[in-house]
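For reference, chains read A, B, C, D and E in written order, and residue numbers begin at 1 within each chain.
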Amino acid sequence: MFFQKRHPPAGSRPGTLVIPETAHPPVIRVIDYTVDRVEETEIHDVEELTRFVDSDSVTWIDVHGMGDETLIRRIGEIFALHALALEDAVNVPQRPKTELYERCNLYITRMTRLGDGANVEVEQLSIFLGSGWVLTLQEKPGDIFDPIRARIRAGLGPMRRSGADYLAYALIDMVIDGYYPVIEELGEHLERLEETTLSHDEPQLLAQIYDAKRQLLELRRAVWPQRDAINSMIRDENPFVGETVRVYLRDVYDHAVQVIDITETYRELAGSLMDLYLSTVSQRTNDVMKVLTIMASIFIPLTFMAGIYGMNFEHMPELGQRWAYPLLLSLMGLIGMGMIVFFWRKGWIGPKAKTLAAPRGSSR
Amino acid sequence: MFFQKRHPPAGSRPGTLVIPETAHPPVIRVIDYTVDRVEETEIHDVEELTRFVDSDSVTWIDVHGMGDETLIRRIGEIFALHALALEDAVNVPQRPKTELYERCNLYITRMTRLGDGANVEVEQLSIFLGSGWVLTLQEKPGDIFDPIRARIRAGLGPMRRSGADYLAYALIDMVIDGYYPVIEELGEHLERLEETTLSHDEPQLLAQIYDAKRQLLELRRAVWPQRDAINSMIRDENPFVGETVRVYLRDVYDHAVQVIDITETYRELAGSLMDLYLSTVSQRTNDVMKVLTIMASIFIPLTFMAGIYGMNFEHMPELGQRWAYPLLLSLMGLIGMGMIVFFWRKGWIGPKAKTLAAPRGSSR
Amino acid sequence: MFFQKRHPPAGSRPGTLVIPETAHPPVIRVIDYTVDRVEETEIHDVEELTRFVDSDSVTWIDVHGMGDETLIRRIGEIFALHALALEDAVNVPQRPKTELYERCNLYITRMTRLGDGANVEVEQLSIFLGSGWVLTLQEKPGDIFDPIRARIRAGLGPMRRSGADYLAYALIDMVIDGYYPVIEELGEHLERLEETTLSHDEPQLLAQIYDAKRQLLELRRAVWPQRDAINSMIRDENPFVGETVRVYLRDVYDHAVQVIDITETYRELAGSLMDLYLSTVSQRTNDVMKVLTIMASIFIPLTFMAGIYGMNFEHMPELGQRWAYPLLLSLMGLIGMGMIVFFWRKGWIGPKAKTLAAPRGSSR
Amino acid sequence: MFFQKRHPPAGSRPGTLVIPETAHPPVIRVIDYTVDRVEETEIHDVEELTRFVDSDSVTWIDVHGMGDETLIRRIGEIFALHALALEDAVNVPQRPKTELYERCNLYITRMTRLGDGANVEVEQLSIFLGSGWVLTLQEKPGDIFDPIRARIRAGLGPMRRSGADYLAYALIDMVIDGYYPVIEELGEHLERLEETTLSHDEPQLLAQIYDAKRQLLELRRAVWPQRDAINSMIRDENPFVGETVRVYLRDVYDHAVQVIDITETYRELAGSLMDLYLSTVSQRTNDVMKVLTIMASIFIPLTFMAGIYGMNFEHMPELGQRWAYPLLLSLMGLIGMGMIVFFWRKGWIGPKAKTLAAPRGSSR
Amino acid sequence: MFFQKRHPPAGSRPGTLVIPETAHPPVIRVIDYTVDRVEETEIHDVEELTRFVDSDSVTWIDVHGMGDETLIRRIGEIFALHALALEDAVNVPQRPKTELYERCNLYITRMTRLGDGANVEVEQLSIFLGSGWVLTLQEKPGDIFDPIRARIRAGLGPMRRSGADYLAYALIDMVIDGYYPVIEELGEHLERLEETTLSHDEPQLLAQIYDAKRQLLELRRAVWPQRDAINSMIRDENPFVGETVRVYLRDVYDHAVQVIDITETYRELAGSLMDLYLSTVSQRTNDVMKVLTIMASIFIPLTFMAGIYGMNFEHMPELGQRWAYPLLLSLMGLIGMGMIVFFWRKGWIGPKAKTLAAPRGSSR
């Protein structure tokens, strides 16, 4: 889960691609559309791609898997990708960013999906936006873009009427929207943790709070730079992004800022939760100590008194008295009662001695 | 209470409105006024609104409830609202912001009200400001704007003489002013919490401090972006906001900054309160431990001594001595006194042993 | 002590003045001076003020108390104060700021005074600077400006030779200088708290540290915005402030920054003090526990041994032995000594067992 | 490990070089190349360097060791290095920075290497970039640049075809890439620490967490200024760095930002780890206290009861009863059971009483 | 040690000098030099200074002590110092800053010296830089500038050939360089504190860590503003500072930034040390509790069992059995062993029960 960058051996020349043995073989799917028609194909011979470079239609080349360096390099050549751009796309993870090259604009993002058991899966997605084409590159098969494909096929809305920049916007928009379920899940998780912290005494809470904090840090690291990247696509001069799409990107920008806002809020809450846990444990230790102190304070003096009259001295005049035993018992009872009254007054026992078990009933 | 955004299914096309089944049906009220007259109507047929779009009067269209997508969309068409603007207004919560479109200026804010039991109710309010009209959209019926309606009817002050921008300013001003009672309530709550923390030992305090912190975070998240939004309405070029109203907005801006200031101060105080609680509990544990240690240190050695002479050895010469018992008792008394003196000197008992019950009497 | 703003009922029109029933009736004092003469009068009929508006002399109109709305409003009319400016001056507290209007420049500040018992009194002071006049407004009678009046009367220094802007500067300078005794008092208070924290075990320390922190937060909230306000008077175009006075204001600015600097430093120290207290209490609990553990560890096993030979079994061969009792006593002594040696080695008793009572002797 | 700067005696004139007695004698290696040829020589007479200053080829003069002030000064003269630039290179450590002089551009960086046992070795490297030459200066023999030498010799890639600025870029790129293994190692270390914190109770963890925090602070101090330095090489006017190389430097910049990002994330995690440790220890103390309290609460009252009937009063009617002993034993059993039930209900014993030993099994 | 400003009585007119009774009488030393000659004199009649104001040589007027207001004022007149500039120089402490006046540039700094016993002595030094002269003012006799005097006399290096700005630079450079020994001392102090925190249990550590934190805060407050001051001397238009000297000042700027960097790092470390101390104490309390719990858990049940058979019931059949005593002893032994095994397994005793005494042996 911790950071592990796939980087070339130190000192490699720039543009070196690092592809692990276990990488998925690339699957290339192409959707080519104009207002009037949609063509979907799976490409098996990479050279077929050349015909999409300068076509009038909008083409989305979608590559899943990077297990073939020659093929990836050839794609790079066909679309005239800068060596550094290709390296950034392949040697994951890269920090999210946007970078403008002569022939295309690269947007690197991190795509999240809520997997089973609230597991957050994160994967780098590289979106190359050229004139008339969008090339997306990702490592593992499977993505979250089926709704976009459906919209292309359906031909409703502005998608088919717009250019490649609108398609790129739609992809970025989906990626950012994909963060909402994740933060909502994390929010609910924090709420559950808070409730448990206050009512139970479970040590694994600590691990969970720490984990939540770590996930929020990850999230922040993923979203924060995207805010800047989107902003630079809105503000900077960029031949590949039209005015209309910039208005839409402003909307995506707002969402990214909202995600950051909430992430920061949750991060503060997670920090407070850790403090809350510590205070709760301290409070519980205090409660435990009180039980011990009450028990010990009541019985230790009494035991001592019993010990006195358990001594075997020959000359202990009290021992022979008839009233001595009941008197002593009464005295012990009085002392015990006194102690109880003392602790009652201190609020350690009785109605004021609330413990942490169910504290929130009426307080909210 | 945690963040839950109403967002369209991932991959929907931009402008998709998400309206839950349980949404209130929209109620449209219109106040149309010039210097000379005021007309208040409740609109039942949405097409009636068309006549207000280009009228010379100032029109406030006030929509409560969003439970009719067709109607909402039709309103959007009548006033030529951008699809994204409408989406932001409907798919709550949106981050507060201002956004300038061709035909109107959108200001999204969060309206707060102190409900029963110091409960803070927060709702998104979207204010569209066009030329000659203001359109406000909110989810639930009921708002805080009756005083403004009264001012419009009364016709005193600059309201009736001014344009739609003044009306928008008045609404934003009221929203920001609405934060004052909330932070004052929170401030008093913090003060009560502080007092209780120092004098009582109630575990639910923890939950309450944590809660206060969370509310302050919410508040900050609501007000902070409004500062920027108002500032951009003051500084940016904007055909819908006149020079005179910008001076008034500067005043609102100052109030927003003041609210943020106090929120931040309270947030720091809430953080310190958590530390205070922890220190207080530690201090109390210390006090509990002292009681235990004193009791145990006094009586455990004495019990041991009694135990010695409770042994049944045949040859224990002391047992037969007359003076042995009183001597031992005296010795025990001396040891006990010694212990008490020892702890007195250490300041654990006696006048120096102040506990946390009532610490602040003279110290302030 | 917590924030309580006097704000008009929500929805009032801008410029509404909120004056409590208990407000002091206004007392108006005027000092009018040129290089050659000084005239001091107390004004009883507000209309007398009109003659000072356009006079060639410099006039300081000093209003204490706001308990007469008509009068305050009339003053506003005479000096052509903007409705919002007057509202800011009356509805206290306002965030310190400077605001430039057509006919005057408003500077809102917070005046502090060290009262009895190191009590910090804070009051809002509004300084209106017009051409040829300065109008100051404050709520309660009494101020810190007698030295300035003396300087005007004495006619030494540049005061009488300079314009109204110099007078305004002199007032602001005094307000900022008034923070020095307050922070110095707070600094000494922190130093005393630190010393007490390390040497004593007093629970009210917590309340005091928390209080100091709160006062520092208040102070910061009062000074921080003044830095910006002064800076904007130095840098912004402003017809009421001359070049010469801007040089003087730079000096005030430096002082404001110094006050902020020290406030921030003290705030950090107060935060550390809270940590220090917590650590100290933990250390003390540790010391208490050691006493208990030592007592218990020594005597509990011995008591058990005594208990063994206090049993009444008929067949306990040791009981009849002559040497058994002294042997057992010796054994007990040995065990006790062993325990003491064990704890000595652990450093819990003996010279290494320093406690917190007087820790700093040679360490500084 | 703490900061120790080699600075000249206070008041020395600028440009004073401080070379310790133990410094390595300088070894000068030169690689001189054009597209067509590569020449590698070790220089023994410093004057030989003069021929490289204005040659058409690209020359990399690589100096390891500074133990000869005359020689270092002569090198400075040959390449016309500014006295302050040379001082910065020799009096290590200097803060990483870039500085533009008339005849060359100085880039000071910190080179890291993972030594044995995850030991991070850090050394200052100074890169002087002139027109046609790169001069690198470092204190100790040995560097991480062998792959670059290999690339020069091999003549593949753009290296041989490019100028001195490309060589400088390649060196900086390698230095930044050298941080990745270090942060990855630190990340794994943190993960191990986290796991151990949650499952074991080892005091040296504290030292290790503290150490990790310190290393991260060091790292941040090394990388943070390099971000600015690289940025200023990209943005500022600089005759020594061409347009093409600036594109490459953008890539290095991104890597530096990524390293900073991860360092900050780890620093936050290390901070949380310290909190985690504290909470864990508190939780464990709580567990220990429970064991003690349970044992004491069960047996102390029972011991007292036994003590009662161990008293030697002559008139204790129960003592003679046949049923008294078994009755008392039963009563004791009941009381013991009652206590156990009481603690069971409180969740201190039984299945709910999870301790910290293995908390994370299913929770992830 | 805490902040104590010497400020004039509130309301004094600007330029009021505050000189305490105990101030040292001023000693004025002048060094006047050109490339060819050096003249050093001690001035007794202040009027002699007039001849240096417009001379062609460079003059350094060095005033130690301020105990003569007339004389100080006369110096101010001779060099045409602005009243506010003189006030800033005399009413110490002033925040470090640079301020440009018509006739000179004022640089206020804080000079540090490591006194005996690592005591840091801080004093304000005011450097007035005019055309052809430098005037330095300080309160107490003694400074750190002897090496500069030596360099002037020796006539080596650029000092004698350069103007007054170079002299001012040399002074500032020395002041900044003077911070290095201080932070190095503090760094070593922190390292020692860290080691002691981990291996010993000394309460005065707390006071020392707190002290170190305070000193670091002081240091930061001294250096931070100097960074800005130096920067403004480099960047701003300033007739008194030449181009060449600005290059040198860039070097001083870098050093100031480095000092700030390390101060911040140390401040974070000091904060972590406080956490470390707290965790260490908690860990130790935990260790103490374990000893107590083990002792009590083993012997309390056994004592209870012994108590049972110490009862004096007449009908206790076991008492008469031959095997009862050895059986009970064996049982007790078993129970004791069982407890020991239980705690061994829990890791509280035995090889796993490492305590904090010597934790770092192999872990680094």
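Convention: contacts are C-beta pairs under 8 Å (C-beta built on N, C-alpha and C of every residue); 3 or more make two chains touch, one makes a residue touch a chain.
Fair warning: this is a prediction, and the values are worked out from it, not measured in the lab.
Trainee: Along the shortest chain of touching chains, how many steps lie between chain B and chain D?
Mentor: Steps on the shortest route: 2.
Trainee: If you fit chain C onto chain D using the CA atoms, what's the rotation angle, as a multiple of 5 degrees?
Mentor: Fitting chain C to chain D on C-alpha positions yields an angle of 145 degrees.
Trainee: Over half of interface residue numbers shared between chain A and chain B means same, under half means different, so which is it?
Mentor: Interface between chain A and chain B is built from largely different residues.
Trainee: Averaged over CA atoms, how far is the centre of chain C from the centre of chain E? Could you give it in whole Å?
Mentor: Taking the average C-alpha coordinate of chain C and of chain E, the gap between them is 25 Å.
Trainee: Suppose each chain is reduced to the average of its Cα coordinates; what separation in Å results between chain A and chain C?
Mentor: About 40 Å, centre to centre.
Trainee: Spell out, as numbers or ranges, the residues of chain E touching 2 or more other chains.
Mentor: Answer for chain E, listing residues that touch two or more other chains: 275, 278, 282, 285, 289, 292, 296, 300, 303, 307, 310-312, 316.
Trainee: Could you tell me which shape the graph of touching chains takes: line, ring, star, complete or other?
Mentor: Shape of the chain contacts: a ring, since each chain touches exactly two and the loop closes.
Trainee: What order results when the ring of chains is traversed from chain A, passing next through chain D?
Mentor: A, D, E, C, B
Trainee: Considering only the defined contacts, which chain B positions touch chain C in the complex?
Mentor: My answer: residues 144-148, 150-151, 156-159, 170, 173-174, 177-178, 180, 183-184, 187-188, 190-191, 194, 198, 247-248, 250-251, 254, 257-258, 261-262, 265, 268-269, 272-273, 275-276, 278-280, 282-283, 285-286, 289-290, 292-293, 296-297, 300-301, 303-304, 307-308, 310-316, 347-348, 354-356, 359-360, 363-364.
Trainee: State the interface residues of chain C toward chain B in the complex, per the touch definition above.
Mentor: Those in contact with chain B are residues 1-5, 7, 9-14, 82, 84, 87-88, 94-95, 97, 99, 201-204, 206-208, 210-211, 213-214, 217-218, 221, 225, 271, 274-275, 277-278, 281-282, 284-285, 288-289, 291-292, 295-296, 299-300, 302-303, 306-307, 309-312, 316, 318-322, 324-325, 328-329.
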